[in-house]
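Some structures to go through are shown next.
One chain, chain A, links the two complexes that follow: it is found with chain B in the first and with chain C in the second.
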Partner chain A sequence: MAAISVNGVSRQFGSFRALDNVSIDFADGGFYALLGPSGSGKTTLLRVIAGFDFPDTGTITIGGESVESIPVEKREVGLMFQNYALFPHMTVYDNIAFALTVRHTARAEIRSRVHEVLELVRLQGLESRKPAELSGGQKQRVALARAIVFRPRVLLLDEPLSALDKSLRLEMQVELKRIQREVGITTLLVTHDQEEALTLSDRIGILNHGVLVQQGAPLDIYEHPATPFAATFLGDANLLSAQTGSFLPGAGGCSVRLQSGSTIQCDNPDVLDSRDIVCAVRPEKMHLLRSDETPEPGMNTLSATVVRHIFAGSSLSYELAWHDTTLRVFAQNNGAPLFAEGSPVTIVWHPSHTIVMNA
Partner chain B sequence: MKRPTRYLTTLSKVYLGVILLFLYVPIVVMAVMSFNASPLYALPLELTLDWYRALASNHKLIDAGINSLKLAVMTTVIASLLGTAAALAFFRYEFPGKRLLQILLYPPIAIPWLIIGTSMLIFFFWIGIGRGLHAMLLGHVALALPYVVIVVSARLAGFDRTLEEAARSLGASPLQVLRYVTLPYLLPGVVAAGLFAFAVSFDQFVVSYFLAVPGVSTLPVEIYTAIRKGFTPEVNAIATLVISVSMVLLLAVARLYKFGGTR
Partner chain C sequence: MSDKADIQRRPVNRALPVLLGPAYLWLAVTVFLPLSAMVYFSFLSETPIGGREAVWTLSNYGEFFDKAFYRTLMWRSFRLGAEVTLLCFLFGFPCAYVLAKMVKGRWREALFLLVILPFWSNALVRIFSWTMVLRGNGVLERLVNVFLPDVGSLNLMFTYPAILIGLVHSYLPYMILTCYISIQAIDDDLIEAARSMGAGRFTVFRRILLPLALPGIMAGSILTFVPVIGSFMEPRLLGGRNGTFIGTVIEDQFTAVFNWPLGAALSFIMLGFVLIVLLLAAPMIRRAST
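Up next is the complex of A and B:
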């Protein structure tokens, strides 16, 4: 088990900048998610840490030890691939035992270690099967067992659940989390699935165009995204552009004049550069009132028109026209009457739910 | 709706039957005649093993057969090793001239053997290699190499490189990756390529004919010489033996690796 430290790492492929001066620390025993769209550099970062690729500039340490001159096979890094990469000509047992076999571990020791991890991933009895005879979820477990049997210092997961169907994916998320807790290994998960990142990890790093946009605990990033990209990539957000120079910090709160002319309140005073401001509000933080109802005092309000509502069983989502933008509002299906399409409404939210970001 | 397809099915069955007939009837006739006492293919059949007995004392044919086997085995081993290494290099690395080298692999398959044989003879004399078994070995390996590279490359094309990465991340050295992951995957391809190499060498007449020295020749060259001098059913006998052995070999390999079937 070991901490990983990435310092100022850049990687260029021709004219494509895959990683741009990325610095991030992964503490010992934590579960981290690297989240980003495809081409954001998250897989490149994983490959650089694993040793399949090398940074043009910057350093990487694992457990305090610089790894530049250490080849993949000596880095003691467990890897799980998107397509599992199980050896097709070997049985489950031989696949899992591989890392120990190439290390010339004693046979009895191999046997006991393999059975230990088989128990951990709950695959006892399948030792003599070939990968082709396994289901997707079972392959997944074999890949995980194979990656941890040699007690690597860190575990790297490259979109490990994306090939599974939804229900199996949820089940495997729970399993993965349980096994990671039991083993206590520093784990790095690369994913484009925000839900997976939020449920599995203790910390999330968001990458875009090779740049680390923001890192922090899932709740922190969700409630306080630092950029419009972070706000929209992790969860849904209604973006409201502000007039330049209209951000007015004051005692106990601040106000922003939007480009539409309306002024909204917020209590988010930690934006330093007040020049170009974008506000965001999460759709579930907003609620709707009939236009003739009076909102509670002190709330932000915008007048809009319902374009359509989408019914999803336990919840509803409204699309609303406000000036020339479309806003989304989520509502629980709690028996309140639906707002008809075309009806005028007031969008209401608390000032503390206004996220203020530099554009 | 159904009738045309039924006609077509019948037609294709007949077509297949005719093909098999023309392929195998001559071979069967030859095999049967190798047991016939009459050297003039007279019927009715009179069973005898005379031709096989005659063959056993025909040292020229036997020596040629041994030469052919030696050459074919050595060609198979050398061409398989070199060709597999070349295919791996083409698959793994980018290097200047790679495309050119890959393209240059194909013409030797299309160039008539007669021309290759002539040019090899001239070239080998010019640089002092001359003729003989060693020259034939060089020639056979050169002829077989493109087949090996192409067959092994075809197998490699379906190889998932993350398997090698997985193996390395699990602590395998490059050599261990080759031994435990890449080669086991490649083996059916290498065996098929080896069969090609064996066949190219064992069947080789033209190039061997040019590179043989009097007294040291291969089976195809010797059979040709024997036929020219006057046909004896001994040739039927040795051909029958050769075909039986290669059939058994091929069937064994096909069974082992399920060529063409699911893997």
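Up next is the complex of A and C:
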């Protein structure tokens, strides 16, 4: 068990900059998610931490020990692959025991460790099966058991659940979280699935074009994204471009004039060093009123037209035309009548839900 | 219900003889008939050509067991087969690994072309060209003397090593191609997974690559071992007086001594020994194919 510290790591492949001066710390025992679209560098970062690849510049320490020149086989890291990567010619037992036999662990010790970890992943009785005789979820559990049986210092997961169907994936998320808690191992998860990142991790790092865009607790990043990319990649967001220099700080809050001409209110943001501002509002933070209803005083309002509604059972989402932009608003299916397509509505939200970011 | 199943099945059943027929007919005519003729010859006392009287006999088979000479030759041939197969594996497997896992695109195509280039020329021509290379004051000897003038004459021509060189050259491509196919099918993630669990290069080779590539290694070994045992061209041309093996003796019976019955009997005894070896290797072959 160990903390990981990545300092100023860059990695270049030909003319492609996969990682650009990335610095991020993972505290001991935490569950972290590296989130980003494909090509964002998240897998490269994982491979550099694992020791399959080496940084051009920068340092990596695991448990305080500098590891950037140590190859993967000496780094004591547990890895779980997207396609499980179970050895097809070995039984479940031999797959799990592999790391221990490589270390010349005594046979009795191997047996007790394998059984201990099989119990942890709830696969007792399947020791003598071959991987081809297992279901997807069982393979997943073997892969996890195999990655932790030798008590590595950190556990690295590369899109581990993406090959499973949805219900199994949710079940495995719960299992993964439980096992990670029980073992207490520092865990790093690479994923492009924002829901998975939000559900599993204590902290999230968002990468884009090889740059660490933002890191923080899931709730913090969700409520206070630092860039438009973070706002749209983690969750849905309606982006509202502001007029240059129209940002006016005040005593109780501030106002922004949008490019459409409307002025909206927001809470004073923490940092702003640019005159170019983009505002974002989460679709679930907005609600709709009929155009003849009067909103509560102090709320932000925009007049828009319903383009269509998408019914999804417990909830529904509206697509709205506002000037030349399409906005989305989520609503609970609470029995209120739907807004018909083409009908004029007022979008209402609280000023504190306006996210103000540098463009 | 049963009618429906019949309708769906019938086209497949009809297609089978059409699809299999030509191949099996061809094999029957070209393999089974000549082989039956050879079985027949092997029990005759004389070559039944030119009106000579032949009677049934087992003496051709008896001769092999009577004379130590044939047993020595058989042993020599099997040793040659084993050594050539081992050398082909030692040279071929690393080459196949590099082709399958380490080079990509154009480079792989170019290296592949070099591997199969020898197939484009006639085997006899290739072996004769080896005599140019290996003979005293030949290409190889001059080349070595350029860099190491003290070595002097290599005396490779008409030796056992010359036969090994020629045979390894002939059969190496088969080993490379069969190993390449099975190594290529091994997922890179398996190797990375093994490394992440602490396995060094040799452990990855011994516990992951080797067992998973076994089908290709076995196929390549059989494709090499079996024909090398019966080979006569390379031993004769490159081995000279040292080139006497069971294959050359069998060839002599047909082309020089004109004792077809003995040649046929020796062929079947060789076939028997090959089958025994394959039978002994069967557990490994079976493990490789599962």
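Just so we're on the same page, the second predicted complex is superposed on the first by the 357 of 359 C-alpha atoms of A that agree within 3 Å, B and C clash if a C-alpha of one lies under 4 Å from a C-alpha of the other, contacts with A are read in each partner's own complex, and residues count from 1 in each chain.
Please note the rule applied: a contact is a pair of C-beta atoms (placed from the backbone, for glycine too) under 8 Å apart; a residue touches a chain by one contact, two chains touch by 3 or more.
Everything numeric in this text was worked out from a predicted model, so none of it was measured.
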item	value
Clash-or-fit label for the pair chain B, chain C on chain A	clash
Contacts of A:85 with chain B and chain C, given as first, second, both or neither	both
Partner chain(s) touched by A:98 [first = chain B, second = chain C, both, neither]	both
Which of chain B and chain C A:54 touches, first, second, both or neither	neither
Touching partner for A:311 - first (chain B), second (chain C), both, neither	neither
Doubly contacted chain A residues - partners chain C and chain B	50, 52, 71-74, 76-79, 81, 83, 85-89, 98-99, 102-103, 146-147, 150
In the complex, chain C residues that touch chain A	187, 189-190, 192-200, 203, 207-208, 211-212
Residue ranges of chain B touching chain A (in the complex, touch as defined)	160, 162-163, 165-173, 176, 180-181, 184-185
Contacting residues of chain A [partner chain C, same complex]	50, 52, 71-74, 76-79, 81-83, 85-89, 98-99, 102-103, 146-147, 150
In the complex with chain B, residue positions of chain A that touch it	50, 52, 71-79, 81, 83, 85-89, 98-99, 101-103, 146-147, 150
